[in-house]
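In the two assemblies presented below, chain A is common to both, partnered first by chain B and then by chain C.
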Partner chain A sequence: MVDSIDSNDGIFRTQNLNLYYGENRAVKDVSISFKKKEVTAIIGPSGCGKSTLLRTLNRMNDFIDIFSTKGEIFFQGEDIYRSSQDVADLRKRVGMVFQRPNPFLKSIYKNIVWGPQIHGTKKDLDELVESSLRKAGLWDEVKDRLNDLATNLSGGQQQRLCIARTIAMKPEVILMDEPCSALDPRSTARIEDLIGELRKDYTIVIVTHNMQQAARISDKTAFFYEGELVEFGDTKSLFTKPKEKRTEDYITGRFG
Partner chain B sequence: MSLRRRRLTEKCFKIATALITWSSIAILGVLVFQILKEGMQWVDWQFITSLPSRKAEKAGIYTAIWGSFYLMITTMLFALPTGIGAAIFLEEYGGKSRLSRFIDVNVANLAGVPSIVYGLLGLAVFVNLFGFGRSVISGGLTLGLLVLPVIIITTRGAIRSVPKSIPQAAYALGAKKWQVIFFHTLPYALPGILTGVILSVSRAIGETAPLIIVGAAAYVAFVPESLLDEFTALPIQIFNWTSRPQEVFHSLSAGGIIILLSVMLTMNSVAIFFRHKTQRSRNG
Partner chain C sequence: MFHFLKLIMRSLLKRSNLFKANSIKKDWFDSFVKGSLGLCALISIITTFSIIFILGKETLLFFEQVPIGDFLFGTKWEPLLEPQSFGVLPLISGTFLIVIGSSLVAIPAGLLTSIYLGEYAGPRTKAIVKPILEILAGIPTVVYGYFALTVITPMLKMIFPSIEVFNALSGSIVVGIMILPMISSLCDDAMSSLPRSLKEGGYAMGATSFEVVWSILVPTALPRIVAAFILAISRAIGETMAVVMAAGATPKMTMNFLESIQTMTSYIVQVSLGDTPAGGVEYQTCFAVGAVLFVMTLVMNIIGRKFYKRFNLEIE
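Right, the complex of A and B next:
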């Protein structure tokens, strides 16, 4: 079960967290901790609550009326569901990349600067655009058409733009929900490389259905099954010597 | 059903819809042709720049054109902000509260209220209660009320059609609700909102009954200079000409209709231009 983690060291930590949609308990009694500057992969069969957990970390579930939580989630030691939490500030510090690329219907440039702008950044926007696009590995492809509509980019480029948009906020954590599932293998490879670069500076939590991907890019892996955290540990050992039968069955493709 | 039967049904349906489409276009065509045939002889510079007159040869439509123009400006200045504001409230803030459901039902019903009822409302409220008298502003506000439901309904539809992923992306960057609405939802909904504007102008510019009740004058010898001035409007002038006994005025009214349609198309073309522009930028 959950071992080998020092629960105080996590940038994110949950304690007996239960997540509900109405009566339906989608995440059950999960205690987990995500460490600073590590990539944590969340894997598990469809419907096991991966996205639900991820969207709770930056409170994007607030928009679902029937959603409710029980238990605690700490970000940098503070309960993010306490009443005094500034949700906009939380989301500024915990960025998110979605399954489908969702650029704004605006220019590439505007896509990147809009977030920082609404939080008061006025200076050096050009540099911010360049550095964010460079980090996202998109600069060379778009540097001559920054004023073009972002929605005209290819799917893979759009997703990298969305990552650049998130990076531009200088977040502490980046959450990614199956960021490659709508992309072709080549774009996927590029994004994986990108995650390899980003891990130096950011804490990343990524949901993926692709076991090889999880094995390639993550330091830690968490395996969920029907809302429960079945196994959590170093990616290497989880994939080579799983402790739980269900984990082994899943990673060897016997179900899911 | 066999494949052949299905193909046949498909074909019949296609023919039926095409028939309906073309017959309505044909009727419209005949109508426009009739009006052009009768009215074109009158439409010239003198007609556009002359004041109304008892003699058909000298009669013009100058004051009515400007009256209608100012009316539409007043109508839109009132109805657009109010309607868009109401739509934002209902869509984004109203939630499922009882109040918003109550407003919801009523807006839908108001869209179907006969225009003469709005005229009575305008007479009671703007002309008498507010003391605006029989003026441009009374007429404009009355027409504004009349088109308000249309603007609210089309704007709500436009807001609803914004893909959820867009506000989601903005919220995930830590945006506040008003920022999401102002910077993303509304710009994205703009083409739909402009459709509402087009529908509203088209409706309001032809309305006659409420203006008669609010007190548009049939004979006005000057262009309104302030909102509180007396006014006439194109449909009023047309109505006035058709109700005269002399034949010649009937064909004069066809000339008026041509002007009415032109003014409507001119005003709408602005909205159509912007709609086209915003839609193009969306499709790339």
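Right, the complex of A and C next:
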């Protein structure tokens, strides 16, 4: 059912993970492993638990009072829900890009340096801003107006700025929660190209409802349905020769 | 009350259904409803304009007898004593003393309360604190005045033995407590109206609550927070009963919080309750002071609204 992957190789690994909102079990008994410097796409219909799983990896679900977990999640071999886990440090190492671009009401420059600064970086901020914006493919568009408000950029530019802001933290993993769902096709294409560039340096886990997108950009794909991990494997084989009936039905558009 | 309204609405709806058969009657009913609703709206407009008209008329009559310069820049306010003097500055300074004092109490406390409730307090604490704040906002101001006189002033007397029975400090503190719920609830609205994703963006970068609040939420909501301050200050300017009872009725140019002062509103109360004959210049002082008060509050409210609108433009 699930491809046999050497479970110790993953930068993130879950073991019989169950996620609950109150009594409601949103993710059921999932064991999955995300490999270093690979792009893993999580697909599935709305409400299948894909975003819930993603937001558990950097413990963003901590803000939901009724949320609870059962099972284990290891990041670099350590359980992120152990009591000694420094959540701020985890989130520094596991960056996140959200559905809607959410730049701060600050200048482009300050948006980039804000994260590093709260973690104590004081030197070489100019270089950091330039290299992060270059990696996010935004440098040429904004280099002359770094002091302008970031909120005045177009939606696609804002999203690339949010990626640059995440890169500036030098994370090990970047989580993306449907990063293109609020963007037009051209901006979407640019973000997809960017993900292609970023895969050289970062581990990326991306949730998407767009199957073509998953097929284009990811190395591995996980298909979730009603909280269960139905199928997980190489993107190519999952889309061309799905092993599960439900996967086949979903990717051929029979439901979802 | 609400139930009663619902009943009326239901019977109105029924009647409009009955009229459906006859479209002329229905048109008549619609225009009747429209007309009576418009009349209700008209009442508040008429009231506003008649207040402005009377205020303006009496103020102009006042300035026929007292030069406007003497009024605006005079430093002695003794309209009820011979020889009369009509310098409004002592009343303005008294008002400012209360505004400054109460702002020093209410602005930090109100902002911090809203931040605590928004970012730190658990659901149970919120369920207790929020209704308490609402009760605080609903207490009649005369009760606050009584509280100042019988509780705050005696306590202050222990710290400052030289304090007068009526003093600006006690008035400031009590007005501060009165406007605190307003500031905290408006600041709370300001920050909770920000997109959730903004806060999440901060936390997702490993920021602490402190960093998210002071470096993201407060700066982003700042125009609306400032608007909250201004609206609250304009309430403090207009506050009457508590100030009369706590700060007394001594028009005086002073910056000493331990002395008795008089604000514009407390002067108006003094004259209204006294036996000043209608039509005399003493009587008209009331309107002149009222006009100053009106202009000040109006300006504050306009500035407050401007800030509020700017915020909405930036966020959309």
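Basically, the second predicted complex is superposed on the first by the 256 of 256 C-alpha atoms of A that agree within 3 Å, B and C clash if a C-alpha of one lies under 4 Å from a C-alpha of the other, contacts with A are read in each partner's own complex, and residues count from 1 in each chain.
The rule is simple: contacts are C-beta pairs under 8 Å (C-beta built on N, C-alpha and C of every residue); 3 or more make two chains touch, one makes a residue touch a chain.
Small disclaimer: the values here were computed from a predicted structure and weren't measured.
Placing chain B and chain C on a common chain A by superposition gives a clash between them. Touch criterion not met for A:D201: it reaches neither chain B nor chain C. When the two complexes are overlaid on their common chain A, residue A:D184 makes contact with neither chain B nor chain C. When the two structures are aligned on the shared chain, A:D126 is found in touch with neither chain B nor chain C. Of the two partner chains placed by the overlay, chain B and chain C both lie in contact with A:W114. The interface of chain A with chain B overlaps its interface with chain C at residues 58, 60, 63, 88-92, 95-96, 98, 100, 102-105, 114-115, 118-119, 151, 162, 165-166, 169. The touching residues of chain A, when paired with chain C in their complex, are 58, 60, 63, 65, 87-92, 95-96, 98-100, 102-106, 114-115, 118-119, 151, 162, 165-166, 169. Across the complex, chain A is touched by residues 165-166, 168-176, 179, 183-184, 187-188, 281-282, 284 of chain B. Chain A contributes residues 58, 60, 63, 88-92, 95-96, 98, 100, 102-105, 114-115, 118-119, 149, 151-152, 162, 165-166, 169 to its touches with chain B in the complex.
By the touch criterion stated above, chain C contacts chain A in their complex at residues 123, 195, 197-198, 200-208, 211, 215-216, 219-220, 314-315.
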